[in-house]
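Naming follows writing order (A, B and C), and every chain is counted from residue 1.
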Amino acid sequence: MSRKLLYEHINVPGIETFEVYRQKGGYRAVEKALSSMSPEDVLEEVKASGLRGRGGAGFPTGMKWSFLAKPEGVPRHLVCNADESEPGTFKDRHLMTFIPHLLIEGMIISSFALGAKDSYIYVRGEMMPQIRILEKAIAEAKEAGFLGENILGKGYDLEIHVSPGAGAYICGEETALLESLEGKRGNPRIKPPFPAVSGLYNRPTVVNNVETISATVPIINDGGEEYAKVGEGRSTGTKLISACGNLKKPGVYEIEMGLSVEEFIYSDEYCGGIARGKQLKAVVAGGSSVPILPANLITTTANGEKRLMTYESLAEGGFETGTMLGSGGFIAFDEDQCIVRNTLNFARFYAHESCGQCSPCREGTFWLDKVLYDIEYGKGSQSDIDLLVNIAHNIEGNTICPLGDAAAWPVASAVRHFREEFEWHISHPEEAQTRNFGVGPYADPLVSTVTE
Amino acid sequence: MLKVTENQEVNFSEEMLAQFGEIVSHYPEGREKSALLPIMHLVQKEYGWMSVNAMDKIAEYLNLQSIEVYEVATFYTMFHLSPKGKYVLDICRTGPCCLVGAEKIMEHIEKTLGVKEGEVTEDGLFSWRGVECIAACGFGPVLQIGPEYTFYENLTVEKVDQLIAELRKKEQEK
Amino acid sequence: MAENEKKIKIKIDGIPTEVPEGTTILNAARQIGGEIVPPAMCYYTSLEETGGKCRTCLVKVSKGSDQNPKPMPKLVPSCRTTVMEGMEVENITNPDVLEARKGVVEFLLINHPLDCPVCDQAGECDLQDLSYEHGLQETRFNYVKRTFERIDIGDKIQLHMNRCIMCYRCLYVADQLTEKREHGVLFRGVKSEISTYIEKALDSDFIGNVIDVCPVGALTDRTFRFKNRVWFTKPVNAHRECDKCSGNVTLWYKGEEVLRVTGRKDEYAEVHEFICDTCRFDKKKTSDWVIESPKKVQHTSVIASNHYEELKPPSVIKENKKLQESNKEQLSRSERYK
């Protein structure tokens, strides 16, 4: 069993209530931070922990916090990004549903470190049930003196507000989120200025993911150095992985970073292998935005090394043969799945979610969707394949925000690794309507060697 | 431009206005526009959809131009710009749910309800639509129903039939 | 410019210049002038917060500054990136920039109706010029384009949404020049549109400026509609005493008749003194105006047909095969005009 830093008590009945959470040692980190640490001490612990943003970008959290401008007399804000919308990712919803006080505790510690007195949790509107859960948790924490004025008598005031979105993937981008929180359309802002200087209401702001903020709790409880001992290299600590697709046991798993991908897929402690005795064909390892990899590149790198669940190992091989840890949305495709169809589905998704501000994303995502639709429904031509690659290339890196890259990478990587399947689709338009290409040359024929 | 074919009487009750006030208090003074999204959710919960009257009244309450509310209402997919059934079934149509059968579930719902995506059943009870990922991929196929947006997970054709039957029964008993 | 104002030294396509602190790369390039100026479709100097959206002005920052000489990892919008001491920028001397720009032009055109023969903007359209100078010669988009219905927003302005490239300039006009904004961007992604949502006339003393700032034929003057092709008209600068605006305008003549009135546009098609709707729509007699002089016609205008200037490439292009290839179309065009 790997260590659980966030989910140690996730199965304790009633852990969603303040009472049980507290009995299990909850809010100790707040007591410790407020009574024996300065905001700078908290920042130093987070820096020492090596914690990296869990929303997808993997940017060192301590560094992000240290960029926060602190002009005299201007309020600063912490905003929690709970707009979890990346296809394949459902860890934040899980955490907020089952152990909401972990997030609230993390919010208090982080707000204290940043000197924020009004902090916001921006939750996507579809998660109305989770919004109710968080509101209840906040009320309980306030009742117990962990929120409000003069917390624990230590002179620190903090209010946490929950604010809903209303159906827009783009609001997961931090500046679009801030726009939305200000009651506007979720159009990402043109940077600079960055939120650390001018964020919510033009005030210095830090935006962090639910899991990132929650991870400050074990960091303060055990110390940053202890946290950094868990994991592998620059991928410290644990990570919540949302596993879905054709797996025997999909769900949210807390793993120690450094676990092998093979063990994660096949061992009974985690996903238990592929559902219905099928063969693995492909994996999207970090949410729909990251490059898709065929089965034979996901468990081992192109160099033949074991691939691990870390930021570095998943990226090994660059865009040629690697992918990214992203938000930890792990999607497994079995031999019956059609890569063309899934690529179309993702392209449709990004076209639907583009805010429409900048031309490469607005027009490019629309175009990708059209070309893929034709290929999927038997009207494509072989030249469309290179066209797809070229459109993706023209979007990538040229947009206001990362949604352009997120739309381009899945298409580019699907063509890179599954070109035969696209070609077959086009050369066999009728057959492709009745059956799938199958596992093709993509799966490693070796049966898993993991034993319990 | 939207062709407005329907509208409705909108008068916010004392209770709603009190809720609005509470929401506005979460944001700094002068930043009342921040309350727009949560207030729109409340209004849609009460009136079922976002009519022009409703949006104009919200604009008036928050001291905004009407266009600012229209801009927001058309940006976010949760706001209905035309009347919908009492129960709107939002079925996830994104990749991971499709790997485990979401498309079949949608086909079944269309057949069972006998209306196309976005339309309303004759009894006014149901609408359905495909929505993008609602962050429950490990428990797909999944749908949710407003205004509380309750999640229904690991859907099968049987579970969907049962859900629709239960909702119908609940309405008949009223 | 105050003498003690701090000056920043930068190089664009190898050409050194000095500009005040806070200047954007685009404006620094405009100070140099000529072929190294990036095209801009959404940025507008006299409207705050514009820019960054169309992505036609992307350039490569090959050296960030003297202090941090690392190149910037991605291409940056030159209209929203300010200069740093020692910064080095590549525009037409960087093949990636030209390739990206070509891509952006293609993106802007896939949903554009290409109805130039019946468009009132033809001849003074930034998109026409842009695609002439940077576009591909064939289309790779074989699908149905997105379409909208044409709407009249009041009796003076027509909105032809199909032609819109979503520069957002007209929204900034309403925000910054009028008392209240009544039109906006509705929906999102490729479905986004400039609209009033429900039919509504835009009414304000300065709303007519949306016509001048529109880089394409999406917002046109209904009082000029189909009256004439712009290249048959003669622009003349004129002024009048006006209590609402400066009264400095351009009159567009056909024979003795004033067909329309616009603000005065500079060589980048930007108006710096916005005019009021009375001057624009209600003063169409020569006797309303004091005539100054014929307007200098810029090379970017079809009104000056055959006035396209020869490309004078910086020497670095002449010595570099790859750059010659990247600038192939522009170079061959200058050959034709010789």
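Quick note on the criterion: contacts are C-beta pairs under 8 Å (C-beta built on N, C-alpha and C of every residue); 3 or more make two chains touch, one makes a residue touch a chain.
For clarity, every value in this text was computed on a predicted model and none was experimentally measured.
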item: Higher-contact pair (C-beta pairs counted), A-C versus A-B; value: A-B
item: Chain at maximum distance from chain B, centres defined as averaged CA atoms; value: C
item: Whole-Å gap between the CA centroids of chain A and chain C; value: 39
item: Inter-centroid spacing, chain B versus chain A (mean Cα positions, whole Å); value: 26
item: Touching two or more other chains - residue numbers and ranges from chain A; value: 168, 185, 352-353, 355
item: Residues of chain C touching at least two other chains; value: 185, 187-188
item: Shared-contact residues (touching 2 or more other chains) in chain B; value: 68, 71, 75
item: Residues of chain C that touch chain A when the two form their complex; value: 51-56, 58, 74-75, 77, 80, 99-100, 103-104, 106-108, 110-111, 140-141, 143, 146, 165-166, 168, 185, 187-192
item: Residues on chain B engaged by chain A in the complex (per definition of touch); value: 26-28, 31, 33-38, 40-41, 62, 68, 71-72, 75-79, 90, 93-96, 98-100, 131-140, 144, 146-151
item: Contacting residues of chain A [partner chain B, same complex]; value: 75, 84-90, 92-93, 118, 124-129, 161, 163-169, 180-186, 201, 242-246, 250-252, 288, 329, 331, 333, 337, 341-342, 345-346, 349, 352-353, 355
item: Parts of chain A lying in touch with chain C, wherever the complex brings them together; value: 168, 185, 190, 351-360, 362-367, 370, 387, 393-395, 397-400
item: Parts of chain C lying in touch with chain B, wherever the complex brings them together; value: 148-149, 151, 180-188, 193, 195-199
